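Heads up, there are several structures right after this.
In the two complexes that follow, chain A is the common piece, with chain B as its partner first and chain C second.
Here is the complex of A and B:
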């Protein structure tokens, strides 16, 4: 199989729709087939990165717990769009294994990857 | 060179932050309403990058009764031209 690099731009909040969950599923699937995957959390997508999400009472699957596990499944490149994080008051210094990205860095990633998917 | 398809007006801002020289922005579905916007907003189209092409899918304009209300710098394209655009660009980013 040819190797295709995928850039996943995750713009959706964690529980408002199924899109954020779909992005994680696609990332895991692509990585399982040994494709290079980069995931960028931006706009409302950064809301997935807040810690302390208590989803049991709402009977939701906790997405925030799945994100730190992504590198174990070969989804190695995780990034957060810094201006989006600042907009929502998310402290990126506390995020392990997630690289901050500015606007120029985001534009560069969209050019470097073969396929760009928006969630 | 990237073809950006925008299917609702609210995702346009995110798309515009990423477009650069040689790209084409194509408004489809409810995204076509962005081509109606007043010149003050429209001037932002040209200021993004002069080397970006601005297109609108004519079938979606016609469906909404706004074919004659689209403003420059947008130009209408047919379904067939939409296909040509996808082939002429290295990749397509479908926003929204």
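Here is the complex of A and C:
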């Protein structure tokens, strides 16, 4: 299998649809096939990065706990779109292994990757 | 040109499925190829054998089946998405002790790796989101 690079733009909130979870599943699968995967959280997607998500009471799987594990499964890079983080009041300084990205950085990543998938 | 199509929407609840069907028909009519159709999330309902739409509406799953048969297309349904939504082939129905298989003829249940393969092998990948 040829090596191609994947950019996953995760724009969906964690529990409003199945899309956020789908993005994680695709990131893990592509990484398992040794493809270079970068995940960017932007718009409502940054809601996945907040601490303290209590999902047991809603009988849902806690997506926020899966995200820190992505690098362990060879997902190359995790990024957060800074203007989106600011809009939703997310403090990016407290995020380990997640690189802040401005608009120019997002544009650059979009150009650099072979495949861009939006969730 | 080789296309892969990824269908995320159930028939009738969003334009995803019908748009994808029209696009697939156009790809073939234009002399291009379809490498794979990949049905993901609610898109797996396109592969339902049990769907009975009203007679005056387009039977989207039946149209897929015709297209797949006539052109010998590779139509893959995501296993994780399918099983949880009750789209089962004979072996899955057997495995989970369900009385009936519900996967339409022409479709195959397989893993998400088939989506990555579809992306790798195609010249263009079109995502039909909800």
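What we mean here is this: the second predicted complex is superposed on the first by the 119 of 119 C-alpha atoms of A that agree within 3 Å, B and C clash if a C-alpha of one lies under 4 Å from a C-alpha of the other, contacts with A are read in each partner's own complex, and residues count from 1 in each chain.
In this text, a residue touches a chain if its C-beta (ideal position, glycine included) is under 8 Å from a C-beta of that chain, and two chains touch if they have at least 3 such contacts.
Fair warning: this is a prediction, and the values are worked out from it, not measured in the lab.
Novice: Would chain B and chain C fit next to each other on chain A once aligned, or clash?
Specialist: With chain A aligned, chain B clears chain C, so fit.
Novice: In the overlay, answer first, second, both or neither for which of chain B and chain C A:103 touches.
Specialist: first
Novice: Now for A:65: first (chain B), second (chain C), both, or neither, which partner does it touch?
Specialist: neither
Novice: Go through the superposed model and pick first if A:2 touches only chain B, second if only chain C, both, or neither.
Specialist: Only chain C; A:2 stays clear of chain B.
Novice: Using the superposed model, measure off the angle between the directions from the CA centre of chain A to chain B and to chain C, in steps of 10°.
Specialist: About 60 degrees between chain B and chain C, seen from chain A.
Novice: Looking at the overlay, does A:115 come into contact with chain B only (first), chain C only (second), both, or neither?
Specialist: Both: A:115 reaches chain B and chain C.
Novice: Between chain B and chain C, point out the one touching more chain A residues.
Specialist: If we count touched residues of chain A for both partners, the winner is C.
Novice: Does the superposition put A:35 against chain B (first), chain C (second), both, or neither?
Specialist: Second partner only.
Novice: Between chain B and chain C, whom does A:22 touch in the aligned arrangement: first, second, both, or neither?
Specialist: second
Novice: Once both complexes sit on top of each other, what is the least C-alpha distance from chain B to chain C, rounded to whole angstrom?
Specialist: Between chain B and chain C, the shortest C-alpha distance works out to 6 Å.
Novice: Chain A residues touched by both chain B and chain C?
Specialist: 115, 117-118
Novice: Over in the complex, which chain C residues touch chain A? Could you list them?
Specialist: 8, 40-42, 80, 111-113, 115-117, 119-120, 125, 127, 129
Novice: Under the touch definition given earlier, write down the residues of chain A that touch chain B in their complex.
Specialist: 11, 42-43, 103, 106-107, 110-111, 114-118
Novice: Given the complex with chain C, which residues does chain A contribute to the contact?
Specialist: 1-2, 4, 6, 18-19, 22, 25-26, 29-30, 32-33, 35, 115, 117-118
Novice: For the complex, give me every residue of chain B touching chain A.
Specialist: 2, 14, 17-18, 20, 91, 93-96
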